[in-house]
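Should a chain be cited, it is by its letter among A, B, C, D, E, F, G, H, I, J, K and L, assigned in written order, with residues numbered from 1 in that chain.
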Amino acid sequence: MSETPRILVIHGPNLNLLGTREPEIYGATTLEEINTEVTSAAKEQGAEVEFFQSNHEGALIDRIQEAVSWADGLLINPGGLTHTSVTLRDALLASGLPVVEVHCSNVFSREEFRQRSYISGIAVGVISGFGPTSYWLGLHALLDHLER
Amino acid sequence: MSETPRILVIHGPNLNLLGTREPEIYGATTLEEINTEVTSAAKEQGAEVEFFQSNHEGALIDRIQEAVSWADGLLINPGGLTHTSVTLRDALLASGLPVVEVHCSNVFSREEFRQRSYISGIAVGVISGFGPTSYWLGLHALLDHLER
Amino acid sequence: MSETPRILVIHGPNLNLLGTREPEIYGATTLEEINTEVTSAAKEQGAEVEFFQSNHEGALIDRIQEAVSWADGLLINPGGLTHTSVTLRDALLASGLPVVEVHCSNVFSREEFRQRSYISGIAVGVISGFGPTSYWLGLHALLDHLER
Amino acid sequence: MSETPRILVIHGPNLNLLGTREPEIYGATTLEEINTEVTSAAKEQGAEVEFFQSNHEGALIDRIQEAVSWADGLLINPGGLTHTSVTLRDALLASGLPVVEVHCSNVFSREEFRQRSYISGIAVGVISGFGPTSYWLGLHALLDHLER
Amino acid sequence: MSETPRILVIHGPNLNLLGTREPEIYGATTLEEINTEVTSAAKEQGAEVEFFQSNHEGALIDRIQEAVSWADGLLINPGGLTHTSVTLRDALLASGLPVVEVHCSNVFSREEFRQRSYISGIAVGVISGFGPTSYWLGLHALLDHLER
Amino acid sequence: MSETPRILVIHGPNLNLLGTREPEIYGATTLEEINTEVTSAAKEQGAEVEFFQSNHEGALIDRIQEAVSWADGLLINPGGLTHTSVTLRDALLASGLPVVEVHCSNVFSREEFRQRSYISGIAVGVISGFGPTSYWLGLHALLDHLER
Amino acid sequence: MSETPRILVIHGPNLNLLGTREPEIYGATTLEEINTEVTSAAKEQGAEVEFFQSNHEGALIDRIQEAVSWADGLLINPGGLTHTSVTLRDALLASGLPVVEVHCSNVFSREEFRQRSYISGIAVGVISGFGPTSYWLGLHALLDHLER
Amino acid sequence: MSETPRILVIHGPNLNLLGTREPEIYGATTLEEINTEVTSAAKEQGAEVEFFQSNHEGALIDRIQEAVSWADGLLINPGGLTHTSVTLRDALLASGLPVVEVHCSNVFSREEFRQRSYISGIAVGVISGFGPTSYWLGLHALLDHLER
Amino acid sequence: MSETPRILVIHGPNLNLLGTREPEIYGATTLEEINTEVTSAAKEQGAEVEFFQSNHEGALIDRIQEAVSWADGLLINPGGLTHTSVTLRDALLASGLPVVEVHCSNVFSREEFRQRSYISGIAVGVISGFGPTSYWLGLHALLDHLER
Amino acid sequence: MSETPRILVIHGPNLNLLGTREPEIYGATTLEEINTEVTSAAKEQGAEVEFFQSNHEGALIDRIQEAVSWADGLLINPGGLTHTSVTLRDALLASGLPVVEVHCSNVFSREEFRQRSYISGIAVGVISGFGPTSYWLGLHALLDHLER
Amino acid sequence: MSETPRILVIHGPNLNLLGTREPEIYGATTLEEINTEVTSAAKEQGAEVEFFQSNHEGALIDRIQEAVSWADGLLINPGGLTHTSVTLRDALLASGLPVVEVHCSNVFSREEFRQRSYISGIAVGVISGFGPTSYWLGLHALLDHLER
Amino acid sequence: MSETPRILVIHGPNLNLLGTREPEIYGATTLEEINTEVTSAAKEQGAEVEFFQSNHEGALIDRIQEAVSWADGLLINPGGLTHTSVTLRDALLASGLPVVEVHCSNVFSREEFRQRSYISGIAVGVISGFGPTSYWLGLHALLDHLER
């Protein structure tokens, strides 16, 4: 690992709407605000972060493959792809990088089809339900994992 | 709602092939012909329509997000994504717009995996099995819904 | 087919209560109003309609068998029998007439046992969720089907 | 809520063995060390914590009921009860307190019967897979939740 | 059977909270009030009752085993153990005493995992949904059963 | 509610045979005897009851619809329709009246297909397994419910 | 048993259409022809038969209850009710008469929902797939059973 | 078809024990007696029969393949292979001969794993539950089928 | 039972390979060594044993049928047939002899399809997981059972 | 391992009733008699045994944890906890000691919910169905396992 | 591996009928022609092949066991045993030889019970759907695998 | 078909990583090497091939639609989309071209969710498990299919 850990933060489909739609489920913070908050939290801990959001499964996979050359870990909120995408799972697994999965809402108390995750089985760990704070917690967890 | 209701008509993957492939299942009318027919039906009822077709799930989601700023309702034939896409469901739900789901073929008399729809549960209603007429019926149903 | 298409409109159990009970689910229009509206819509399109409502599965089957001698198509809202009646399915299938299935409420967003329909698999198509308008749409769809 | 938030940290069955058994799954840190670490983290954030471990489901429930009179939130690692105990769920729900569920190992990548949690559905959120750090993250998440 | 029928009334985990927590589900009557009411109803019918509540599955089983030496019947609200405890079932079955199962809430209209009962299959009968009155009805049902 | 509560007691298919067939399951009391017993119990409590039995699902629904104009509550033993009739459920729900479901035998210890009830989910409560006494208990429960 | 065995032959819903509809599945023989054939076969073997057909489940049950006073056995083709009617099963069981179940088509090579029969489990035996001959075979089987 | 229809009667594993073991399930008639009875019934109807019994699935398949050169139909009681043997199904199907499946006991009222038959789906029809008479009925049904 | 109990020890398919293949699962002892060991253990306890191994399901059934005339009990390791053979179950059941089922490996910790046994339900008992010692334990258990 | 192998024999809930209740299922031997018998069998083989019975899941876990410091193996009859307790499984696994699971009754021929064991998957092996002899066999199997 | 790789080609039940029965599914080539073709393809690649066909599962297992002494790989079309035979799986696994599974028809587009294969999980790979060419492809794949 | 058969070879998501990631599962050959090898194999057999890889499901569908105008067949490794994409299935089906499905790893011996393929049911055939050789075999199979 490089001295300054570098993290790619990935936001899946529809997460660009965070803060503007259905705040009763996802909270009122926008994605930009989350990114700002994560950036300063990373700086405090001597880490660097990049961000990527897309509504395209293929674009997410392209980016994960690209990150292999420079990133030390992946922090991902896969959105609705969590429950349906084997290819995203394959891309994350193939990256060989440690993955932390986060969700703003608590997926375990929502529709039944949201109980199954193709990502959790290959992640270091999962954080679900704490709104934007889920990202902050996930960054800590990932950096903590990288230190060991 | 604006005085002239504006509708985005969304055609999912493979529907650009309508009329040219498997006419015994999907009928012989092309997508262009359907769009023409829907346009004049809309005009008759004092509504405006725009059309969007894509084989890319992400592009469909981008377009739905974009439509939030101007459309009053969504008329969608999600094609094969009907049965697999939680992200499409999330995008439709997040749009806050009324959604009418249409299918040319009767999905209920086809393969078992086509019996499950991620879209129906969040739609105003569903129309299935009437060939290109499904779109015409769906437009009526959506405009009728908007009027109330 | 006769020159003037003749349609039997069948209302299953409890639909005689339409407009008087649970309007938040089924709407405030009474069955009589629906029938009046369907009659004039039929007249406009040069079709004739008859109506039949019963809470008795057997009476519905008797009527379907009787209609074989004069009707060109069946428009049916099977109510709760949708989900449980193989004999109704058998009667519709044996009639050899085209069947269009309609529901006022969107059955796909209600209890799970309402997701299964014994009728959909043998219908020309299904329309679900548009209140009384579902009948109007269904009539159009059926007449359109008969024209081809 | 009192000015100084008070948290009850609950360790379920077998967690008294942490650090001494199966370190390849659960890590080498002992429960005592975890408690020490959580205590100082709490102190830093102006919170108070108490700890309770038991192998007895009933004792856990008694303690949860007792905590209603003084605690502001519950941080719980239910161990193997996660997957089987409706009564623990009922006790947590009846407490009316916010609950954060944590697991040291990533339960989602273990046996299939560990994929089901009776607790997640009623928790604020879930943190799984980060070893002893899961507790630290959970404390943060819970305090953050209490602040809002 | 002794001349004066003697009944052990068993309250499972969390039922000590009755009347103080979630009154919208379980009603506002406390367990003590229920016991008082059951005691006087028993007296009216020439029966004696004892009460036992515990959050410990093992303690409930111990008590059931002890009751074999003096009781004529068991009236039990197993709480959350209803759905998970084979050992409670075994203990009730081994007692050889007639068992009546009661629930304050109507478990049949709650979460799906509450639809399965390990106790119902070995009970004389089940009463569910009438609040504290469920106990009163259950006592009657049990005494009526003993008389025959 | 009228001052004197009025109850319609409904007996589903085959219950006219009570007391004459399979007494080892259903007891030796005839339906007439049950009705007599329920009548005097009602009188004692200042209530009025009417009775209706039919082997025809449709006739039961007709009667429930008719009762809406005068009854304060429904006491029903749906017999075999319990497990198969969505239309009966719909009729009971549409009546807007409180429903208490009773069974003479303990359906929970019989064939697996008797474990599912379409009625329980919309009933105030369920009483199962106490022979003719189930009706007596159900009447009490229903009157008790009406009083609150 | 009386000296001349008396059999009630019951035809369920839609079987009045036999021979006139879907002959490729059910054969070209009409119900009347079947009855004639069964009558003469019965005469040859010194038995008497009566026939009953109805599309009404309730009417079938009424008739079965009535037959208890004079019939020695029941030969039934339950039609579509085979797969859905617990009440028909209950009526047959309550009759205490031996039941033979017949089907003209081979239900085992048709839709999956036709694989389940509520009747088979309580019948002496089942005959399925031999067209009108199924009745003839069933009569023989039933008379043979009565002789022993 | 030859003028004199020739039938191969096949008895699956354990059927050589008929009449000597578990007569309460399978009846007291021996296999030899059944064969004698079937032979004379065949003679009466101008047909010829051969018999084959084996406990070896492979031997049954060999014999079915051999019978293709001379037999006009197959009457088979597959015994326990009914529920497990895809190869037996394949052999029967490949023979191109009409198959009638018979069972002495009523398999539909026994263990659940006996409810599935790999043979029924490809048979002309099924006869189940009439003891040795099942063979006699099956022979009639098969000859009747061959005549058409 | 004869004075000297006589036991048939049956080894199912592939067990002739014991000790030569996959010793990490099945142990290094050969089948011959097991037989020798079982023989002397039998002798010590005054019992006689015969052995039979075959890869042919039919041959196993033939042998079980033959053993009825002389054996007092059956000790069987059905190998892979455990999970698939209804006919073997039928043969064992028809023998009327007490059956003890043994497995060298612990089938409960292997593939899921090995969790189901058609034999266990009709056996006196089951012993699984102790290598060749399973046979020795099974012999003891069977002789112990015969003594009572 | 110490020279004299030391075994903890654990009896789960309700097993203290052995010999006094339901002897037709569990046999007439009391738990004390079983313990006496196991003690002398152990002595014969140069082993030491201790016994522990509890109806409390938590107490069983406490004892298993305590035994780690002195025992060489565990012989356990988990009673009804076999089918529901993940925590017991976790405790046994965490002990690092070889476990042999025994049952007096043959759980495989009882209710379906008794077919699943959380313990079998981590045990050396399983013995089920031989009454009190199951313990004796289990002791042998465990000592035999320890010797290797 | 010997210098000249030696392959045993195994044809399961009913495959001796290839080319003579159901050519629309299995093609018109006979088994003999396939064997001839495979032989010359093997010769071209410097390999030797032997062939074995049987309708007896046991005979197939015997032959697989025998082949261990001389063969370098197994090419098998298990026919209907693919879906039902655990013992065949065990024999192939025990052989320690690389296995290639082939099917002439595409089993994935046929009946649902043909979707499960006990063999695929232990094979090097699977080839399905190319008629007799499947064997040719399988031979290549197997020899290619042996070379590495 | 054109004289020189033209094949489009399609590589699904993540397959651009072949040879560089997880070689223990997918082998060490890169995608470029595979393409080179397939090209020369095609040339030998007088065929032309084009290649397309994308991580975007929509791009794959676009390309399949485009290929309809020139290609004679499709050779596809759908990667993770195999198990989740109905739209890919629809596109392949709509193309009207013969499809051969290949996988480098043996998907049948991996995670359970990889056992289901939406593609296999509409493919000519499937080849799975032979590393890069799967492509070579698939090309042969496809050309062989085109020749007939």
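Basically, a residue touches a chain if its C-beta (ideal position, glycine included) is under 8 Å from a C-beta of that chain, and two chains touch if they have at least 3 such contacts.
Please read these numbers as outputs of a predicted model, since none were measured by experiment.
Asks: Please find the path from chain I to chain J through touching chains that uses the fewest steps, and give that number.
Replies: Shortest path length, in steps: 1.
Asks: Centre to centre, by mean C-alpha position, how many angstrom separate chain E and chain H?
Replies: Whole-Å distance between the two chain centres: 55.
Asks: Could you grab the centroid distance between chain I and chain K? Build each centroid from C-alpha atoms only and quote it in angstrom.
Replies: 31
Asks: Can you list the chain H residues in contact with two or more other chains?
Replies: In chain H, the residues touching two or more other chains are 56-59, 84.
Asks: State which pairs of chains touch, listing all of them.
Replies: Going through each pair of chains, those in contact are A-B, A-D, A-L, B-C, B-L, C-F, C-G, D-E, D-J, E-F, E-J, F-G, G-H, H-I, H-K, I-J, I-K, K-L.
Asks: List the residues on chain B that touch chain C in their complex, please.
Replies: Per the touch definition, chain B meets chain C at residues 106, 108-109, 117, 120-130, 133-134, 137, 140-141, 144-145.
Asks: Once bound in the complex, which stretches of chain H touch chain I?
Replies: Contacts found on chain H: 12-14, 16-17, 21-22, 54-59, 79-84, 113-114.
Asks: Taking the complex as given, what residues does chain H use to touch chain K?
Replies: 56-59, 61-62, 65, 84-91, 93-96, 118
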